[in-house]
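Please find the structures below.
Okay, so chain A shows up in both of these, paired with chain B first and chain C after.
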Partner chain A sequence: MEEKVLAILKEHCEEALTYDGDSMMEDGVIDSFTVINVVGDLEDEFDIEIDAKYVVAENFKNKEAIIALVKRLLEE
Partner chain B sequence: MQLISLSFVILWAIAFSLYYLVTGKAQRYVLLAVSLLFYVTGLRAFPLSLLLAAFTAYGCGLYLKRLLAQERTALGACQDRESKKAVRDAFQRRRKRIQVLSFLLLLGMLVFYKYAAIALPYAERLAGSHAAFLERVVMPLGISFYTLTAMGYIIDVGRENCEAETNPLCFLLFLAYFPSITQGPFNRYAPMKEQFCSAHIFDYDRMLRGIQRFVWGAFKKLVIADRLGIFVDRVYSAESSTVPGSIFVCATVLYMLQLYADFSGYIDMAMGVSESFGIMLPENFKRPYFAKSVAEFWRRWHITLGTWFKDYVMFSFVMSGPGRRLGKACKKRWSSFGKHVVPILGTLAVWFFTGIWHGRTAAYMLWGIYYGAVMSVSLVLEPRYAVWKEKLHIREGRLWSLVGMARTWLIVFAADVLIRSESLRQAGEIYLSFVTRLHPLRLLTSEITAYGLSRYDFILLAAVLLVWLAVSVLEERGEDVRTYLAAKPALLRWVCYYGVVLTLLITGIYGGGYDTAVFMYQSF
Partner chain C sequence: MDRMGNTAFRRVVVIGYGKAAGDVLRYVCDRQEEYGYELEFIEHEAAPFSVTEKICADRGVSFRQISDKKKLAAYLDGTAGKTLIVSASNNFLFPASLVQRENITVVNFHNALLPKYPGRNAPTWVIYEGEKETGITWHYVTAGVDEGNIIIQKRCAVGEDTRAYELTEELMDLAVEAFRECFGDVLAERVQARPQGFDPARRMYRSREVPSDGYFALTDPPEEIYRLLRSVDYGKNDIFPLMRTTVDGVEAEILRYRRIPPDGQRDGVDFLYLPLGDSLLKMKYRKV
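Coming up: the complex of A and B.
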């Protein structure tokens, strides 16, 4: 699962893979358009629905947070 | 009551003393009493719209809380994924219904107050003398800010990003908090509640830091913004055909700086006042004129408004049922371009609303459409830029950053002509003057001093703008200027402090009774 998430991130925002901070959205590493495209691909890939309530800075602060979000939604 | 006025300083001093005299929960009620006093003295009327907004959002929050609790109970009884989904969908529909009703009330109030004056002639034609009451409608102070803040709270409660407030007075304080009620920044409930509910003990350093930020904000407003405003107002109110294009270029660049100094000056003052009470407001500016693209500019300018529209309008639209269906259909139909369609529609909608939120004129509507178009085009062309850069062997160095900054200034410059002009016709004439009668050399003649500012004013402005630039460069490098100065030798430190205070007192543009001109964003 992790590899698939990383592959999607690599396609849309390679910088996110090497980013080691904890505020990717505020730091301008990932903009809102990229977030929308990443969310779309994650939904298609894992057959999940990522509601707008999950699209907050906390869940997109780095690649680990995105992986954790997908994991959580898969378990629901 | 203006933030820069003797009466405000007295109110601040009294509030500050009372705040630290009482302890624990009573502190938040001191802030509430001061906030209401500040608001009512500014409004000079009963704060009906503020109370209506607070009541609507507070009531809706409580109802949503009850629905969420019921949903959790119902989900606990579900055995499989499908039944869970059905429960979630059913409760989501119920939440949406009450949210939409609250938004209609809040937006209806905002639209009524904001557009009553414009609607008056049409209403009179339709309803005759029955519409005369519209003449007496005055837009309440800060209504554009607290209605959006209230809507944000309702969405956050529905998304479970914050817990609904049960204490109505605490909620009223959140909406009416006096440093941010008139011009923001837009606060989010969760971080504000945590701070309002904590007990704050007196801290000398924190008080000093608050005062320093307040004075720096006042410096930007009175020494820079209001001085620049004299020149800008004179140029833009002159007969357009008599002013050369180069003077309009100069006035528009100074207007860009005026708007920034005015608004960020207010925010600095608001944050300074709030910091003295131990309550940190969210940052609203991060040196926007250092941005290398327009998208970055808007991530640095009026940050809390940008994130409000992004979180509550853009993401809500894109991730809604119709947004998802449209996105999938477009992806299927147009492949790589298709994935851009929904984000583009979201961007255009966000910028259209941002435009009409800022102003009631056609110029602001066009301004919003302009930025929406620029953002959408750059979204589509961004992959192409990367290819061109590769082909042209362009490296992202300092020079490339300067090119990006210049491009951003140019795009913002063009938009600011539109909103600063008295009419669309004048804006057209000004754009034309850049091409047909620029006369750049006339900037070097004494003509430049014919618009309200003397040679002395220009020299002073150059000096203070350099100081501002130096502070901005330090901040851009990650330094906190107040901490940076505190670590310097006492002599240098006090020269800086006294320099700012004396320049403010001697060269600030004051009115009668040491009051000041209104803040530009207050009218939005």
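Coming up: the complex of A and C.
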């Protein structure tokens, strides 16, 4: 699962793969439009629905947070 | 540093949300020392991933959050001194009593080529109507909605797969580019603004309006269905409700969609497939 998430991130925002901070948005690594693309691809790849309530800065603060979000949704 | 910029404006207020507001704010901030104006940012509507507050904190710019329309109007009404208000992605309608004041000039970014598509959600209607080209307009604000004289416009193509959020992003980038070009002239009050020449009976797009009333039939031309879905696609921003159709006699919501190759993988459950030119329109649905 992690490899697939990282592949999607690589496609839309390669810088996210090497980012080691905890606020990709504020640090200008990722913007709201890139998040839309990432969310769309995650939904397609894993056939999950990512509700708007999960599309918040906390869940997209770094790649680990995104992987954790997908993991939670797959377990639901 | 010696001030080289020529302006009578003593204060600049940027109001807006999202990427365009952030980028415009950065630029106005970069030019502050040159022109010597006071700078303030007002957030009227919060965006989910807003970075404007951080920009203000990092650069020492006054940040104010005023979500209530009446309070915002009252606050702006108290503006003293010659002031330029830059409205960048902002849905607050400036009162006539404010924009008519001699000491206040308001410029606004509209995400379409005015006089076409005035009002709300212009990228949606541009895509829905099948336009091949659109663009942005910076204009002076008057008492009427999106009616003021044009300062600058820039154009861009609308692709056949372009979704509303993608077009919105492109238009925001164009808006920032145009703002950089015209800001000095606006400050120096030497813009050769031109009237829009609009038809007073033109259609004004309202926020509550939804293309096709939010519904399509599976027998509709797939190109029209695809256009409808793209026109309301702002990702997880709930600007529009999910589009609806009827599947096996039951109403269903379209959760997501994608154009795929004709030999693309076909998932069996809760997916619809329609021929779309030389490809397929794949739609995931949920019965309601």
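The criterion applied here is as follows: the second predicted complex is superposed on the first by the 76 of 76 C-alpha atoms of A that agree within 3 Å, B and C clash if a C-alpha of one lies under 4 Å from a C-alpha of the other, contacts with A are read in each partner's own complex, and residues count from 1 in each chain.
Note that in this section a contact is a pair of C-beta atoms (placed from the backbone, for glycine too) under 8 Å apart; a residue touches a chain by one contact, two chains touch by 3 or more.
The model shown is predicted, which means the values in this text are computed figures rather than measured ones.
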According to the stated criteria, A:Asp31 is in contact with first (chain B), second (chain C), both, or neither; which is it?
both
Chain B versus chain C, judged by how many residues of chain A each one touches:
C
First (chain B), second (chain C), both or neither touched by A:Val56:
both
Is A:Asp47 in contact with chain B, with chain C, with both, or with neither (first, second, both, neither)?
second
Between chain B (first) and chain C (second), which, if any, makes contact with A:Val39: first, second, both or neither?
both
Find the residues of chain A that appear in the contact set with chain B and again in the contact set with chain C.
28, 31-33, 36, 39-40, 43, 50-52, 55-56
Considering the complex alone, what residue numbers of chain C touch chain A?
18-19, 47-49, 51, 54, 165-166, 168-169, 234-238, 255-256, 258, 267, 284
Okay, in this complex, where on chain A does chain C touch?
25-26, 28, 31-33, 35-36, 39-40, 43-44, 47, 49-52, 55-57, 60
Considering the complex alone, what residue numbers of chain A touch chain B?
28, 31-33, 36-37, 39-40, 43, 50-53, 55-56, 76
Contacting residues of chain B [partner chain A, same complex]:
84, 158-161, 295-296, 299, 310-311, 314-316, 318-320, 324, 327, 331, 339-340, 342-343, 346, 379
